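Let me give you the structure first, and then I'll get to my questions.
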Amino acid sequence: MSDRPFDLLTLGELLLRLSPAGVERLVRGDSFQKQVGGAELNVAVGAALLGLHTGLVTQLPAHDMGKFAKNKVRSYGISDDYFVYDQSSNARLGLYYYEYGAYPRKPKVVYDRKNSSFVYINEDSFPDEMYKATTCFHTTGITLALCENTRKTAIDMIRKFKESGTIISFDVNFRGNLWTGEEAKACIEEILPYVDIFFCSEDTARLTFKKEGTVKEMMKSFTKDYPISIVASTQRIVHSPKSHTFGSVIYDASRDEYYEEEPYHNIDVVDRIGSGDAYIAGALYGLLSSGGDCMKAVQYGNATAALKNTIPGDLPTSDLSEVNTVIREHNDKGPQSEMSR
Amino acid sequence: MSDRPFDLLTLGELLLRLSPAGVERLVRGDSFQKQVGGAELNVAVGAALLGLHTGLVTQLPAHDMGKFAKNKVRSYGISDDYFVYDQSSNARLGLYYYEYGAYPRKPKVVYDRKNSSFVYINEDSFPDEMYKATTCFHTTGITLALCENTRKTAIDMIRKFKESGTIISFDVNFRGNLWTGEEAKACIEEILPYVDIFFCSEDTARLTFKKEGTVKEMMKSFTKDYPISIVASTQRIVHSPKSHTFGSVIYDASRDEYYEEEPYHNIDVVDRIGSGDAYIAGALYGLLSSGGDCMKAVQYGNATAALKNTIPGDLPTSDLSEVNTVIREHNDKGPQSEMSR
Amino acid sequence: MSDRPFDLLTLGELLLRLSPAGVERLVRGDSFQKQVGGAELNVAVGAALLGLHTGLVTQLPAHDMGKFAKNKVRSYGISDDYFVYDQSSNARLGLYYYEYGAYPRKPKVVYDRKNSSFVYINEDSFPDEMYKATTCFHTTGITLALCENTRKTAIDMIRKFKESGTIISFDVNFRGNLWTGEEAKACIEEILPYVDIFFCSEDTARLTFKKEGTVKEMMKSFTKDYPISIVASTQRIVHSPKSHTFGSVIYDASRDEYYEEEPYHNIDVVDRIGSGDAYIAGALYGLLSSGGDCMKAVQYGNATAALKNTIPGDLPTSDLSEVNTVIREHNDKGPQSEMSR
Amino acid sequence: MSDRPFDLLTLGELLLRLSPAGVERLVRGDSFQKQVGGAELNVAVGAALLGLHTGLVTQLPAHDMGKFAKNKVRSYGISDDYFVYDQSSNARLGLYYYEYGAYPRKPKVVYDRKNSSFVYINEDSFPDEMYKATTCFHTTGITLALCENTRKTAIDMIRKFKESGTIISFDVNFRGNLWTGEEAKACIEEILPYVDIFFCSEDTARLTFKKEGTVKEMMKSFTKDYPISIVASTQRIVHSPKSHTFGSVIYDASRDEYYEEEPYHNIDVVDRIGSGDAYIAGALYGLLSSGGDCMKAVQYGNATAALKNTIPGDLPTSDLSEVNTVIREHNDKGPQSEMSR
Amino acid sequence: MSDRPFDLLTLGELLLRLSPAGVERLVRGDSFQKQVGGAELNVAVGAALLGLHTGLVTQLPAHDMGKFAKNKVRSYGISDDYFVYDQSSNARLGLYYYEYGAYPRKPKVVYDRKNSSFVYINEDSFPDEMYKATTCFHTTGITLALCENTRKTAIDMIRKFKESGTIISFDVNFRGNLWTGEEAKACIEEILPYVDIFFCSEDTARLTFKKEGTVKEMMKSFTKDYPISIVASTQRIVHSPKSHTFGSVIYDASRDEYYEEEPYHNIDVVDRIGSGDAYIAGALYGLLSSGGDCMKAVQYGNATAALKNTIPGDLPTSDLSEVNTVIREHNDKGPQSEMSR
Amino acid sequence: MSDRPFDLLTLGELLLRLSPAGVERLVRGDSFQKQVGGAELNVAVGAALLGLHTGLVTQLPAHDMGKFAKNKVRSYGISDDYFVYDQSSNARLGLYYYEYGAYPRKPKVVYDRKNSSFVYINEDSFPDEMYKATTCFHTTGITLALCENTRKTAIDMIRKFKESGTIISFDVNFRGNLWTGEEAKACIEEILPYVDIFFCSEDTARLTFKKEGTVKEMMKSFTKDYPISIVASTQRIVHSPKSHTFGSVIYDASRDEYYEEEPYHNIDVVDRIGSGDAYIAGALYGLLSSGGDCMKAVQYGNATAALKNTIPGDLPTSDLSEVNTVIREHNDKGPQSEMSR
C-alpha cells in the first residue's frame, strides 16, 4: 500500500486469558485453557491474517509467560518488533478469567490486570523511527483507561504518529469497570481531533457522548464536531449466549454516505470475545487495502466479526481466503454446498 | 433462621456418576467424567450454595471411593457430619452411567446401584440429637423405593424429625424402574400425614395418585386429604435435549393461593439431570429464608433450576449472588448487558 | 436370510480421519482425534450394528496404522476376513483432515489419500469363494473415481458378484474433487446394468445424469433405462452446520410405488459426515432383513441417518434396539419421556 | 494346530477398570480411564495377538456397558462367540478402581465386583459343541474363588473339556481377598487331576500348598502328586512400582527338565496389572504353536510379560512381530539401534 | 487433644498454581492445570488429612477465583472459618506458574503474587476468640517476608496466640526472592522468643543464621539462644528432579535428645513442591496427637513428606491410614506385597 | 555477526508428526498429538532460540495443514521467508507416526512422507538473493536421500551458497530406510568438497564411509581427504528409552585439536527425537556467535542436545538463558539449588 514497512501498528496490552474448557465453571474444575488476547492485539492479529503487515506496540514481562505470549502471537503472523520486555522482578502479565455462558447464565469475566508490565510502558523504550513505520495506527479506550501513564503514552503516541502522516484509528470500547462515562468522554474528546477512523457503538454514542437521534445521525454528528473521515458502528442482537445477529453501518464523511449490508443472522456463537475487535480488523483491512472503500470495510468487517464468533479465544483465525468465501456465500442467494471439500 | 444448627438435612443415597465427555457414547470411548449425584444430595448442595446450612444423612463405603465422594461434596459446602462409613469388605458406592442426548437421540441412564452401602443404612448409626438439629428435613420417593430397609429407615426418620418439630419436605420423584405406581401410592400415602411441603409433578399426580382435573385442582386436593401446607409442581417443556422451557406453580393451603411467574424459555440445556432437585433447593431456600414466602420459593426455585440445566453434572454450582442476578434479569424487561464483567 | 455366510460385503477404502476436537481449528491446536472412516466402511459398520453379518473388502498397510484401522473397525462388529495387507515400504493409509463448522463457517475437509495402499488393490488377492459369500454387495462412486485400478477392480468385482447371484447395491456419492460429472456419468452408466439397488440424490440425478422433472420422475426414469429394482434418494435441508432436517423417498420399480415418511426435523447435528452412508446401512438392513420391504427401508434408513448425525466420527454407533426406539418415538405422537432410564 | 476352530478358550469374568490418568488419585480428580480387564480375558487377548484363535467364555450385562466391553475386546481380536448376555434389570458389569503407585506409595486396587452378571453364569447357556471347539481350555483360581456358582461351573467345564480331549491349563492366581489359603488348596486339589499345564508362583506353592524346598523342587513335586505335564513359575523382583525384573522357569515332567533364560532386568513398568496373565498368554502360545516346546514357552512368556508391563491397562497390545523383535534383541548381545524405524 | 475447637491454625497466603501438564512447558502449550497451594495451607491440609482439626487464617478475593480456592481447600477437609473475603474491585488471588523439571532441566517457578488480597490482610477482620481457638498456631518466613503489613500482622498474631497459651510453630522457609538473609535473620530473631517448635534446614541455619558446626550442633544452639522446645531439620538429597532421598532429624531440648530414622531412599518424585510443608504437617500431627513424642514426629513427618513427593500439586492427599501403611512398610524388612488390594 | 540478514538458513522437509500421548500406542487410542518436525527445521529452530536469525528453505502445501505448519514454526521464532506453497490439488504434508518406548519396547517410527509437496521443490521458486542472504547454510543426508529431485536441488543449492561465500554445514544423518550406505557414501563424497562443518557419528564413519581407527582418527581423516574445517561427532549411550548419556567431540582441522567435555549423564529422556539436530543447533550457535570457538560449540551443542531430550516433540524449546544456566550448572561442582525460582 504505502512504502512504510507496516500497514498497521496497534498499541495495547497483551493479556493472558484463562478459561475453563467448554461448559465448565471458574469456581470448580481442574484445568484452564491458556490463551492470549487484548483488544488491540486482536485487531493486529485479525488484520495480519487478512494480509496486512501488522505489529503490536506493547510492554510485557521478560519471564517465561512473556515468552509464551510472544510465541503465541508470532504464530498468528504479527510482528514483535515493538515488544519491550520488562526485566523487573515484579514484571507480570495481566490476565483475565473467562467463563462461557448458556442461557440464562451469561458469560463472565474476572479481571486481574492491575500493575501489569504494560502499565509501566515508557515512550522512550521505542525508537523514533517507529512513528514513520506504519500507514495506520490504532488504539482503544481501554489503553486510555488503564492508568495515568498509559493514557499519557497513548495520547503522545497518537500525536507523534499523526504528525508523521499516519492514519489514526480509534475504538472507544467503553468499559465501565475501568473508568466512568464522564472520564471517558473528557479524555476521548481530547484525542478526537487526531482521529481519522472512529469506531463507536450506538449505546456509547448515546450514553457516554450524550449524542441524540438515530445511530446514523449520531455517527454523522461526530464528523461535524471533529475532522473524522470515517465512523463505524456495529450492531449486535443477542438471542442467547450461543446465537447472535451481527451487522454494522459505516459513515463516510467526505461523501456523506452510509454503507451497510444484510447482517449475519443467527451466528453459531462459540466465543463472542474479540468479535468487535475482529470487526475493526476486517474494516481496517477493507479500508487500507482499497484506499478507503467503505463498502469493502463493511463486508470485511462483518464477515471477520461473524467468523470470529465461531472461534474459541480472543484471537481470530480466518485468513483472506476464508473471509472471502464467507462474503461470497453471504451474498450468494442460490443453493450452496454444505461443506468445503 | 431457627436456633437449630442446620437449616436443612436431607436423607438419601450418594451415587457415583460416570459419563462420557460431551457427545461421546457409553458403548465406546476411553474415558469417563467422574462426578457425584443423588436426588437428596443435589437438594442439600443447591440449598447450601444459596446460604442455608445443610447436610446429607447417608451411608457410604469407607474405601477410597467413599472418600472421593466426601471430598467432592465437601467442596460444595455441605456438611458431612452425618456420613456413616461402611467398613465391610463388600462396601460399595452405588453408581450410574449417563450419556448426553442430541435429537433424535435421548439422554440415557444405566443404573448400577443395587447392594450399595447406602441400602444397609441403619438408624442406630445416627445420634438422637440429629432429630433436633435441623429446621427442615427432606427426602424423596427414591429413598422409599430402593429397598425395604431404606423405606423403613426413611419413614422412621420422618416420624422422628416430625415429632421434634421439624418441617418435613418430600418429593415424589417417581421412578418406574424402582417401583410400580401402586407401590409408590400406597407407601407415600403412609407418610403424607407427616409432610408439610410436598413436591409432585402433574403427571405423577394424575398417573400415580389417580388425581383428576387441572394441575391446580390436583395440587389443592392433596391439601384437602392431608395436612400439607405447601404443594409445588414444576412444568418442563422439552423442545429438544438441548432446549427446554421451565416453570412451576406453588399452592399455599393456608392462604388458598397459587403462585407462579413467567417460565424460563429456551434454556440452553447442558445437563438436565438434577434440575428438578435444584428447583427444590431453590424453593426450600425461598421458603426457609423468608418464613414461608411462596412467591420467593417460585422465583428461587425456577431460577436455580434454570441455571442447573446449564451446568454439567448433577450438582448445581450457583450461589446466591448468581441466582439473584438471574432473577433480576428475568424480571427486567429493559436492555441488558450480554456479559458479566 | 440366505445361507451365504455374509449378508453384506462392501468394497472401499478405509481412511484415517484426523480432526481437531470440538470447535478447534486445523490451522492451530495441539491434538487430533484419531478416527477411521470411508463411505463403504461406514455402510458395512452401520448394517453390522443393526444385526447383518457384514465385511469390508479392502487393502491397507501392514504397519501399525493398518493394525490400528483393523482394531478399530473390528470393535464395531464387522469382519476383516477380506482385509489384504500391503507389506511394501511405501504402504500408506489414506487420510483426511476434518474440521467442524459453525455458521457462517462451514465444515471443511482436506484430503490426503493419493497413493494409499488401497489404490493398489489387486483382485487376485481375494479368493474366488468371496464372490459367493454374500447376499448383497455394495460399493460407491468414490471407489470408481479414485484411479484406473480401483475402477477396473470395482467393475470386475461387481460383474463377478452379479454372476454368482448377489444383489448389487450402488451409491453414486458424487465427489467433484475426484472426477468430473461427465466421467462419472460415463463410468456409472457402464455398471448400471448390473445394479439392483441404486442410491442417487436429486442433485446428482439432475446435474450429473442430466435427468429432468421431479425427483420422483427422475428416480423412476433410471428404472426404465436399466434393470434397477429399487431407487433411493435422500433429502437434507441444512438450517445451519448444527441443525439439519433429513428425509428420503424410495421407489420400488416392480410395484411402481414410492415410499416416504415424515422427515426428522431439526436434528441436533454433531457430525454430519457418514450420515448418508448410515442411511444406506439402514435402508439395506430394511430391505435385506425383510425380503424387500421398501417402507422398512425408508424407516430404518431415515432413523439410522438421523442418529448418525448426532455421533462424532464417520461411523454410526446405533444398534437395532436404539434405532427401533427412535423409529417408535418418531411415529408416536403422544407424550414421551425425555430420557431413557 | 488341531482342526478344532479355537486354539484357546478361557473362562472368566470381564471387568470394567476405572483408573485416574497418570499420577492422579482415586480420592480426587474429575475423570477415569475406562478400560476392561480380567485374568482370563487378559490371557485370551494376549494369545490372540500372537496369532492363536481364542475366545472368552463369560456372561455380561446386555446393557450399554456390556456392549462397551464386547466392542473393546473385539478390537483386540478375540471371539465373542461365547458371550452370554444377562438381560435382567439387575445385570451389572463387575468393576474395579485402580490407582498407579510411585515409591513409597504402592499401586492400589478397590474391587466392586460382587453380584455381577458373571457370577450368575449358567452352564446351560453354552452349547455342547463348545466343549469340542478348542485345543486348550484355561481358567484361574479367581473364577473358582468368586462364588459357589462360578466354582461349580468352572469345575464342571474343566471336566467336560477334559473329557473331550482338551488340554487343561490352570493358573492358581491366589487372591487373599477372595478366599483363604485353605479354601484355595482344597478346591484346587480337586481339579489338579484334570490339569495339564499348571501356573503357580513360588510363594503360592510354599504358603498355600505348603510345599517345601527350592522353587524347582516344589514345581516338580506337583507333577508327582498329579498327572500334570508342565509347571510354570514366574519370578518378579520389584525395585520400585516403576522398575521390575521379570523371569520364569518351566518344568517339563515328561522330560524331567527345567527351562529358563536370563530375566528381563529393570523393565520400565508403566502398568504391572495383567503382566502375569500376559506371561501365560505367551507361554501357552509357545507351547501350543510348537507342540510343547518349553523353551519357546519361556521365551514368549517372558517377553510378552515384560512388554505388558510397559502398556497401560490390563490388556497386552503386542503382536507376534513385536514379541519376536523383543526376544531377538533380548538374546542379541551386540550393538542395537535405539529405535524401530 | 485439648478442648479448643481447632488443633491447628495456620496463617498464610493461598495461591493459585498454574502448571502445564506433565512434561509440557510454560513457554508453549494450550492448557494449565488449575491448583491451589501455599506453604501454610499445605501444612493445614496435610494435618487435616491425618485427623487434626485445622484451619487457615487468610484473606482472599470475593470473586469467583476466591470461591474456587475456598471450594478446593474445603474438599481437603480444612476449615474456612477464618477466610476473610476482599470485596474490592482490585481483589486478586496471588498466583504462580510452575513447570516440572527433567534432568538437566530443573523445575521452575515464576511468581505473580504481588498486591494480592492476602497482603492487605487486617488483624481487625478476625474475632478475638480466634486466639483461643487452637492448640497450635503455625506460620512461616514467607508470610513475614511478603510485605510490611503481613509481617506486622503475623508477629502480632504470634504474640496474641502465645499469650493465650497456644503452641507456636514456625518454619523459616527462606526464599531468596522475597528478602535477604540479613532481613530474614533480623526479623525471625524477633519472633524466636515466642516459638515452641522450630523448623529450620541445615543450609538456612548455616547461611542465614550464621550457625556453625554439624547440623545437630546448630539445631541445639537455637534452643540455647531461645526458649524453643523442639527443632526439626529435614535433609533432602536430589539425585535428579525425579528421584530424591528424604529424611530428617528432630531435637527435643527438654530431653536433650535427637530423633531420626532411616531416610526414604530414591523416592519416585512426581512433584516436590509442598513436600517440606507435608513434613511439617506430619511432624505436627506426630507431636500434637501424642503430647510431644518426637519419634512419632520424625516418622509421620518423613512418611508424609515422602508420600507428598509422589502427588501432583502442592497439597498432600494422604490420610492417616495411608501414612500408617507407609510407615509400617518402611520399618518392615520382610517380604512385601507389591500392591494394595 | 556478518551483515547478511540471516545467520543460518537450512534446507529440508517440514513433517507433521503424529504421536499418541504418553504411554499410549499407535495401534489403539483415540487421539494424536499434532506436532511438526524435520531434521533441518529442528536445527533452524534450535539456533533461532539461541539468538541466531534463521530460516528454513522448504516447500509445503498451501492448504490448512501447510498453514498449520507455518503458524507452528513461526511461534518458535524462525523465518518463513523461504516457504514456497504448493497450490496443486495433490499437495500434501509429509508425516510420520511416532510412538514412545519403554524398556524392553523401543520407540517406533512409521513414515508416510512419499510424494509430499517438499519432494517437488524447485530451485526456480527461490530468488537469487537467497544465496547471499546467510552466513551459514545447513542441510543433511535426509534431503539428499529423499529423491532424485531433492538431491539435485540440495547439491545445486550447496554449490550456489558456497560460491557466494557462505559457510556450508552438513550432517550425514544416515537413514537406512531412505538409501543404502553405498548410495549415501557416493552422494555425500560428491558434496564434501564444499563442506566446511561436517557432522558425522562414529558408526556412520565406520560403516558408511568405511573409515577405520578410533573416532578421533576417523574424524581427522575426513579433513585430510576434503577441505573440511570442523568435524563434530556425538556419542550417545542408551541406558533405556528413558535414560541416556550424551556427549561429543569436535575436531578443528586448522588447529589440529580436539575439544570435548564431561558428557551429560543419565539424562531424563522424555523424547529423544531431534536431540541430534539440537546438538547441531547448539554447535552452530557456538561457532557462528564466536567466530569459530570449538569449545563453545561443544558446550552449547551438548547442553542444547541434553535439554532437547527432556522436551516432547522434535523441536527444542530452550533459549539462550536456559542453555547458559544448564552449562553453568554442568560445570559447577558445588552445591546447587534444586529449582529455578
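All chains are identified by letter, namely A, B, C, D, E and F, in their written order; residue positions are counted from 1 within each chain.
Everything that follows uses one rule, which is that a contact is a pair of C-beta atoms (placed from the backbone, for glycine too) under 8 Å apart; a residue touches a chain by one contact, two chains touch by 3 or more.
Since the structure is predicted, the reported quantities are computational estimates derived from the model, not experimental observations.
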*Return the chains common to the contact lists of subunit C and subunit D.*
A, B, E, F
*Note the rotational component of the Cα superposition from subunit B to subunit C, reported as an angle of 0 to 180 degrees in steps of 5.*
120
*subunit D-subunit F contact: same residues or different, taking over half shared as same?*
different
*So which of B-C, C-D or B-F is the twin of A-C, meaning more than half of its contact pairs are the same residue numbers?*
B-C
*Measure off the straight-line distance from the CA centroid of subunit A to the CA centroid of subunit F, and report it in whole Å.*
40
*How many angstrom between the C-alpha centroids of subunit F and subunit C?*
45
*In angstrom, rounded to a whole number, how far apart do the mean CA points of subunit A and subunit D lie?*
62
*asked:* Which positions in subunit A are in touch with at least two other chains?
replied: 22, 25, 27-30, 67, 71, 75, 108, 177
*Overall pattern in which the protein chains touch one another (line/ring/star/complete/other)*: complete
*subunit C contact footprint on subunit B (complex, rising order)*: 22-25, 27-28, 101-109, 111, 175-177, 236, 238, 240-242, 272
_Residue ranges of subunit B in contact with subunit D within the complex_ = 18, 21, 25-35, 63-65, 67-68, 71, 89-90, 92-93, 97, 99, 108, 110, 112, 114-115, 177
*Residues of subunit F that touch subunit B when the two form their complex*: 29-30
*Provide the residue numbers of subunit B that touch subunit E in the complex, in ascending order.*
67, 71-72, 74-77, 319
*Can you list the subunit D residues touching subunit F in their complex?*
22, 75, 264, 266-268, 270, 303, 306-307, 310-312, 317-318, 322, 326, 329-330, 335, 337-341
